[in-house]
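There are two complexes below, and they share chain A, which is joined by chain B in the first and by chain C in the second.
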Partner chain A sequence: MKKLLSVNNLQVHFTTFAGEVQAVRGVSFDLAAGEAIAVVGESGCGKSVTAQSIMKLIPSPPGRYMAGEIFFNGENLLPKTEKEMETIRGKDIGMIFQDPMTSLNPTMKVGHQIVEMLKKHTNLTGEAVKRRAVEMLALVGLPNPEKRYDQYPHQFSGGMRQRAMIAMALACNPRLLIADEPTTALDVTIQAQILELMQELKDKLGTSIILITHDLGVVAGFASRVIVMYAGKVVESGTTGEIFYRHRHPYTRGLLASVPRPGKEIRKKLNPIAGRPPGLINPPRGCAFWPRCDRAMQVCREVQPDMVQLSDTHWVSCWLTHEFAAKGANVRS
Partner chain B sequence: MAQYLLRRVTTIILALWLIITVTFLIMHSIPGGPFASEKKVPDVIKHNLEERYHLNDPLGKQYIDYLNHLVHLDLGPSFKYEYRTVNDIIKEGFPVSATLGSLAIAFSLVVGLLAGVISALRQNHWQDYLAMVLATLSFSVPSFILSGLLMYFFAYKLQLLPPAMWGTWQQAILPTLALAALPTAFIARLMRSSMLEVLQQDYIKTARAKGLSERVIVLRHGVRNAILPVVTYLGFLVTEVLLGSFVVESIFAIPGLGRWFVISILNRDYTVILGVTVFYSAFLMLMNFLVDLAYVAVDPRIKLVDRKDV
Partner chain C sequence: MKKLVEIVNLKKYFRVGKNQILKAVNDVSIDIYRGETLGVVGESGCGKTTLGRTVVRLYRPTAGKVLYNGLDVHKAAGQEKKALYRRMQMIFQDPYASLNPRMTVNEIIGEALDIHRIAGGSQRRERIMELLRLVGLNVDHANRFPHEFSGGQRQRIGIARALAVDPEFIVCDEPISALDVSIQAQVVNLLEELQERLGLTYMFIAHDLSMVRHISSRVAVMYLGKVVELAGSDELYENPLHPYTRALLSSIPVADPDIEAERRRIILAGDVPSPVNPPPGCAFVSRCPQAMKECNQEIPVFKEIGDHHFAACHRLG
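Take a look at the complex of A and B:
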């Protein structure tokens, strides 16, 4: 399959009063045309920053792209100017956000919010624009799209607003849709509907999707590949099967164990020691996960592990995969 | 909606009646009267005058008579200026005050909104600091001092503008500035903080992700939402400009209604005090009502419904 997006060694820093926050520390991944991948990790691990970097939406200052390349359709996006990015945003890459309640402009009719974008990126005019917008509202399963077109966001429920956001993001037929935690703010039943809708539209329109989430439960069955991020780095990536059943990184294991299953107390498995992701002003020298890892070794504290390829698709960055690591290195010294 | 309007009008009439009653009582409890003066007026003449203007009637009867005339839109004669009714005074003075007030409101909206938006967009740059220092200054200097300073510098020192009176456009500049300073500063600060908040909102990020240009994002998505608190302030703005006009018109010797009002109080010109009070109260309530209607037009989430309908 042809590569649509290729992120190479992306580094994004933020200048704050406390110091330079290294939010993304060398992230690389590829995305093929028509493919859906998921980026998972805890809050603050750099998922959203990576996603917003692809559209160059990081406010600067305080944000800065320190290094790396983002090839989209064969072109590097990072050196592009704001004006050039405006022709890509919305047209070639669509984005939906976490909270549909606040992501739509409250003083503007939903239909007009789609129309203003169509007018910017397409040659459609007058009635044709409106027809296209109504068509999109119908496509995302909003009943009465004609009427909905003339309504304001506050007349929509949360699930309907997220549908409207999806309609907007896909209105110009973008090649890539970035969904930044699209279901986190929704009820569980609505979550399933929205994911189903995205899946359906992906198959119908052939849009590639990057799904950002901290919930591995929503990943299975949606994405073909999963990228696990921790402290601004990719720690493991592979097909959904590899990540779910043959994962090698202790962090991936912890994330999977933390997907709630009724009747089991598994929370402790994720945080054997009281822990949060490390601060990224002074990231740890070795593996960023070692303070929370129940299998950490001496080397983990001192040297950053390299990415190791385990199969065509499966990569992991963990010293446990090294040939010298004792098979029984289960116990913390 | 119809029920809401009916309710609003009823409230306005009730409020007006309350204002009339209270003003009437307070006015009559101030010592002195329209015919008390330093020059000794013979008691008989004073008595005849008071008789002619029904000032010797019992207070209750005077009150009823006044209300009766008011219903017929007759605000009575002035006690101080012969051949002039209160209606004449309002007819003469109000257009002047309205012109000055409109100028001040227009100035404060244009300059205040502009300064607020620019400060927000250039937050922590010199434009922001300059605007906010100016705003804090004009916020803290009372209008009677500012009026004096403006006269001193622009009329006396630089001799650029006429110091007082009314009639030419040059004469309108200084009083407009003096009157607009406070609301301009308030609007600038209000708009700045509102704009800063709006620019942080998710829908601005959405607008960016849609590929809209910065200009469209700021104007269509930013200002359009950030302006809501300013619309709420409009009713209060009218009140503030009106109150300010009492001071500014007196200082600049502008023959507006505000100046008449101040003079009438000094003169104990009962009918003028009452008349202007009633007129201004009705005017303010009407303005506030219009602002509420305007709010519906600006914010689609707000609907005018009677509480019982919900």
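Take a look at the complex of A and C:
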């Protein structure tokens, strides 16, 4: 498959009173055309900052791109000017934000917002623009799209707003859709509708999708590949099967063990990872997970583990994969 | 088992705008037994929080009543009322908004003790420390402010505050939705341990259906202000009767790609109607794949269909 997106060694920092927050510390991953991947990891690990960087939406100050490249369709986005980015945002890359109210304009009718977007990025004019906007509202499953076209965001329920935002993100047939927790606030029946819709787009139009979520069930059903982040870094990535059944990183294992088992084992005591993630102003020198890792060795505290390739698709960054690490070693006092 | 809480034909309406009535809780009846966890699920806006708040006396009902050990909680006065304040507590949906940002943890918990004159002098300090240890925080957390904690720790402060007054019954309103999975598991384990040690009874409101099954003995499913189904938790998950419950359960994402690849979801079309103008018949009719003519006209009765298994649907029984 052809590469659509390639993020190389992305580093993003924020300046705060307390010090420099190293929010993203060298993230790399690829995305093929027509592929759907999921990004998972604990709250604050840098998922949204990574996503917003692809759109070049990090506010500066306080944010800064310290290093890295983001190749989209063969072109590096990071050196692009705001003006150049405006021709890409919404047209080639659509984004659904964590909070729908922040990206819909509350003072403007929903249909009008889609029309503005279409006028800016397509050759459509006059009646055709309106027709396309109504079509989009219908496509995302809003009942009475003609009527909804003339309403304001606050007249929509939470689930409907989410769908309006998806309609807007998709209006110009973007080649990449970034969905940042698109369904967190919704009940599972509405969630299922929206995931189904995104799946259809991928299959029909070949849209590539990056889905950010903490719901591992959604990941299992939706993505073909998963990227696991911890404290601003990718710690493991692989096909959905590799991550769920053959994971090698202790954090991935801990994450998967935290959710209730399906079926008969549902009442078993849950197994959370003890402790919390490190601060990102002074992240640990070695592996960021060592203070919580039950298999950490001396080397984990001192030196960051490299990314090691285990298969065509499976990568992991953990000292346990080193040939000298004793099986089941637990050198921690 | 003995009934601890009886919710009888409870209604809570809000006035919104001119002459508009929003029926947030619309005729709900449920018993809660001593020592059990009753799970409450349903989509955003269906009235779960309003139900919880009315049960613990934070709202006056529009109609109906709530009995606690046989006593009408909204009519109680004097000593009885004071005793109820202590026995019924609530852990709030939003751990950020429910803690006073200008008070230290010490003061937040101490305040609850003082209101009920539970522990004074040196006992007071000891009791606070005991509560903090109970919820897995430690002594040096006592002098910190809420914003200096992580989401999971903040949720624990809320739990410590609820436990301070020795309650018997706690409404846990989405105590975990704002947290990520590993912290969710920490908080759920804590609630289960406390229940075992202190014999607590919970009403557990949540979005996450797997977690609800994990923690609950029985589960009530709400839709637009009404309970549409109620059963033992294994019975409900293995043998759902109401079309909404079926759709809901068929949509639970399972963290296992092989299971996900195999399953069939019931995808509902249409939107949830507004609680200001609910449809005249069954509230679910606009999205129900099995709706018939009478569903548009008559409200289905909530009745026992199987053994201790209740549902409200014209297609049943």
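Throughout what follows, the second predicted complex is superposed on the first by the 312 of 333 C-alpha atoms of A that agree within 3 Å, B and C clash if a C-alpha of one lies under 4 Å from a C-alpha of the other, contacts with A are read in each partner's own complex, and residues count from 1 in each chain.
Convention: a residue touches a chain if its C-beta (ideal position, glycine included) is under 8 Å from a C-beta of that chain, and two chains touch if they have at least 3 such contacts.
Bear in mind the structure is a predicted one, so any value in this text is a computation, not a measurement.
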Have a look at where A:E42 lands relative to chain B and chain C in the superposition and call it first, second, both or neither.
second
Between chain B (first) and chain C (second), which does A:G94 come into contact with in this model arrangement: first, second, both, or neither?
first
After lining up the shared chain so the two structures overlap, which partner does A:A192 touch, if you call chain B first and chain C second: first, second, both or neither?
second
Check whether A:N105 is in contact with chain B, with chain C, with both or with neither, and answer first, second, both or neither.
first
Does the superposition put A:D215 against chain B (first), chain C (second), both, or neither?
second
Decide which partner touches more residues of chain A, taking chain B and chain C as the two options.
C
Once the shared chain is lined up, is A:A296 touching chain B (first), chain C (second), both, or neither of them?
neither
Once chain A of both complexes is superposed, is A:M168 in touch with chain B (first), chain C (second), both, or neither?
first
Contacts of A:L177 with chain B and chain C, given as first, second, both or neither
neither
Under the stated touch criterion, which partner chain does A:A23 make contact with: chain B (first), chain C (second), both, or neither?
neither
How about chain C: which of its residues touch chain A in the complex?
42-45, 150-152, 179-186, 188-189, 192, 207, 209-211, 213-214, 244, 247-248, 251-257, 259-261, 265, 267-272, 287
Looking at the complex, which residues from chain A come into contact with chain C?
42-43, 141-143, 157-160, 185-193, 196, 214-221, 240-241, 244-245, 254-256, 258-260, 262, 266-267, 269-274, 276
So in the complex, which bits of chain A are touching chain B?
55, 57, 82, 85-91, 94-95, 97, 99, 102-109, 116-117, 120-121, 152, 154, 165, 168-169
Chain B residues touching chain A - in the complex, by the definition given at the top:
201-203, 205-214, 216, 220-221, 224-225, 228, 298-301
